[in-house]
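Next come two complexes, and both contain subunit A; in the first it sits with subunit B, in the second with subunit C.
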Partner chain A sequence: MKTTKRGDSPNCHFAAKPSTFSQYKTLLAKDLRQEFRTREMLTSMGIYALLVIIVYGAALALTANGLDIMKMGGGLLWVLIVFTSLLGLGRSFAHEKDQGCMEGILLVPLDRSVIFLAKTTANVLFMLAVEVIAVPLFYFFFMTGQPVAPTLPAIVAPLAVGTIGMAGIGTMLSTITMNTRAKDVMLAVLFIPLIYPLLYACVTATTAAIAGTEFWTDYFVMPLVLACGYDVVMLLVCWVLYDFVVSA
Partner chain B sequence: MSDKKVKVPEAGQWPDNLVVPAVLAGAVLTTAGFLMAFLMVGPVNGAALSSPELVGDVMVTNQQLLSQKIFYFHMPVAIVSFVALVFAAYYGIRFLMGRQQRFDTCSRVAMEIALLFVVFTMVTGDLWTRFEWGVWWTWEPRLTTYLILMLIVIAYFVLRNAVDDPERRAVFSGVISIIALVDVPICFMITRLIPSSVHPVVAREGGMAPDMVAAVMIIMAGMMLVAFGLYRLRFRQARLDERVQALKDQLEDY
Partner chain C sequence: MMSGPDSPAILACGLTKAFGTRKALDRVSFELPEGAFLSIFGPNGAGKTTLLRVLSTLVRPTGGKASLCGIDLTEEPDKARGLVGMISHQSMLYPDLTAEENLLLYAELYGVSDPKARVGELLEAVGLAHRRLDAVRTFSRGMTQRVSIARALVHDPRVVFLDEPYSGLDPHAIEIFDELIESTRADRTFVMVSHDLAKGFAMCTHALVLARGRVVSFAPKDELDFDDFAQLYRETVGMGVA
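Now for the complex of A and B:
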């Protein structure tokens, strides 16, 4: 029998240590199961997204007809996504903290960055689920009056890249702010500056895809590459530093 | 408990002796550079105007030629702010490696110096924006990323205030100081990545004349020395504060 790291004595039989991937799957399944049972995050984020759209309706009530909504659509869509995900990320560790789940997870001898990966994946899935509802709603309320560019489906790429980066940075920051006073404000204060480069690139790419003018790829490819680079750097940094943050 | 020797934070190491000479030298160098920038270095490429004239399609006045002098302070101050952020992140890493409270203080003080120089950069940059571009603010890539950098540095201090437990506060702020460093290369490279930016890139516009380089270097050396002096002074003060606190706690135990 293969001896485990701590099993020096031959009488000591440990069960085989679960693989990192199965730990990841278990943690992810726990988050998803919790969400399917309570539906707390999806409903609150979905309703919040709808409310932001309604506020847009009031804000643009007089100007919407004269305005070139195709030029502003990308920006408005991302404002919606940023605030909705801010709400979701703030909640993502609430259960863990309130019901003592975090202590339980930390007692398990696993690589702490697995927690980060699982939590980020869960947040990506929740945010994507909300976007699947919110983006068509946004289209329905604001963009049906205008001819649609054939390049519109390309907004999927910046949405995906932006969501992954925001979920990664947000998971890290909500772990930090979980233990601070005035959690929600703290999360916003840290989150918005840190995602800003990503947001800037994603808004540019999304706007280019929505407008779909002749040279739209000039404003689409480069920002998307930069956004991917920022994602990679930030996710790596957060992945490495997560151990310190979660055990503090 | 007599067997456990309580460690009191130490303060006043030898670099503190360098503070006064460093600040003095920094002040002298900065003043010399200031005088040099105005008295010796000519306007860019020797331009001089007695009255407003049309150069290319742009109306150029002597005010614009003179406001170019802001550059001699703006760039060195910005570079010093980047250096301070690098040090803050370095000490953040050192803290996370060894968990010595001393490095947390180092990181925090370096971040304070960074904030000071970031604010200087914003002020000089805003003067430039007003007099060269004619607006108080423009959402130009370099300005935007630098504003974001300032907000991250401010957020660092907001976070420090929001955490009660000192150990936890030190870990969190160490992590944030490392993450903040990611924005430094972005801010530095952005004008090269987005060529439409109106922010001047000196290398792209043919580099500087030797006398300009000399003035910039002298001011940069001066600013570095001033930053070092401020850092050591503030560090000593923070350290002595911690020492007093530790001694007080020790007294309460008796």
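Now for the complex of A and C:
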């Protein structure tokens, strides 16, 4: 067996410590590569979203004539997104816990918040991928034939802002609950109250975009600004506290 | 605290770690020279793994000081992390990534200048170059542990921690693992937690016995007689856990 003596490898020279951005890219690439290989999160979230739509179909089948689906659309869509996200976020650290991978990463000299940022970015991408399929399906099943407001394309904004915020908060909470018993329940119990202001703002803006409103500033712009502010504050808090959370 | 050629590889002074009111480590102090091999023994719950986790910066101590090669663990944890490699009973490898992808991930995070060449060299050294493109989940426990050795050495660490590395390995895999550890010992300091007294004692240059978070015995092997040490260990196990 070849002896691997310290310092005798011509290939083990260290350039300057890798930049934070390069470590971020490496961690993000790892998460994406792993997901595209296993498709665990995307498949489970996608199937779950489809099942929720089917349940909506059954639940609303008999009462559809008495309901204004355009005014309920925003709320229904966000119920779908929140529960689908919970499923994905709960699984996002499963690989890190298996085989002690998280400890392997924590042994590397890197800023802990880079782990948070990379995982949040990966979760945003996975959630958006599911939304790209679920939202048109939702439209197809419940809104075709309904009078659509010309502002409908504007739902992209609350969807994007809400997804980013939920992914950030969910990543943080998923790290906290990773080693707890009944982690899925714990994640939901912590996640829903924390995202409530964001959820409320996004539901209001999404409903305004779907149904159209004459008070556009009050029902779309203001909630969206509030949601953006909430995202910024919460993401900064998560960024700052992440080192403490993973070290505790 | 300055890093230098005369700094001990590990210096622990009154190291304490408490979880709530329970002290997992209670004023642990010892000094280990560079190039030594320390075996840590003790009953379950004695604080062996906690000591390794504190020394590898995974857990912050609640009291006392520790340094690796002169670098204070609480003041400069990032700098200390660059010196540490860890092999545990968990592989710290992503099962769905290939052996090469796993090692490249760590090499890039550590900032190895030519990651591909380094990974190729390490896979060659652990005898798995021909399986480099296979997912780790397809490997046997022994093969996974060999990739784990390569992972721990990818940044050429000065101190390597081994946390019960033999658990789950069959005798042949243990033989291969021993050969690999032997081939990487030169110029490195090793700290191993083991329940196998005979094996741990045979490999070490220093032995430490922990019980209830406290150091019961710490001495160079030259000063110890195996039978007396085994007797001490049996008495220590009888002391139970913290």
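Please note the rule applied: the second predicted complex is superposed on the first by the 233 of 248 C-alpha atoms of A that agree within 3 Å, B and C clash if a C-alpha of one lies under 4 Å from a C-alpha of the other, contacts with A are read in each partner's own complex, and residues count from 1 in each chain.
Convention: a residue touches a chain if its C-beta (ideal position, glycine included) is under 8 Å from a C-beta of that chain, and two chains touch if they have at least 3 such contacts.
These numbers were taken from a predicted model, which means no experiment stands behind them.
Which of the two partners, first being subunit B and second being subunit C, lies in contact with A:Ala58: first, second, both, or neither?
Neither partner.
With both complexes superposed on chain A, which partner does A:Pro109 reach: first (subunit B), second (subunit C), both or neither?
In the superposition, A:Pro109 touches subunit C alone.
Going by the touch definition up top, name the partner, subunit B or subunit C, that contacts more of subunit A.
Touched residues of subunit A are more numerous for C.
Touch check for A:Cys101: first (subunit B), second (subunit C), both, or neither?
Touch partner of A:Cys101: subunit C, not subunit B.
State whether A:Leu226 touches subunit B only (first), subunit C only (second), both chains, or neither.
It touches subunit B, and subunit C stays clear.
If you look only at subunit A, which of its residues touch subunit C in the complex?
1-7, 9-18, 22-23, 26-27, 30, 33-34, 37-38, 95, 98-101, 103-110, 247
What part of subunit B is in contact with subunit A in the complex they form?
96, 144-145, 148, 151-152, 155, 158-159, 162-165, 167-168, 171-172, 174-176, 178-179, 182-183, 186, 193
Residues of subunit A touching subunit B in their complex?
Contacts found on subunit A: 172, 176-177, 179-182, 186, 189-190, 192-194, 196-197, 200, 226, 230, 233-234, 237-238, 241, 244-245, 248.
Where on subunit C is subunit A touching in the complex?
Subunit C residues touching subunit A: 56-60, 78-79, 81-82, 84-86, 88, 90-97, 101, 105-106, 108-114, 117-118, 120-122, 124-125, 127, 135, 151, 153-156, 158, 179-180, 182-184, 186-188.
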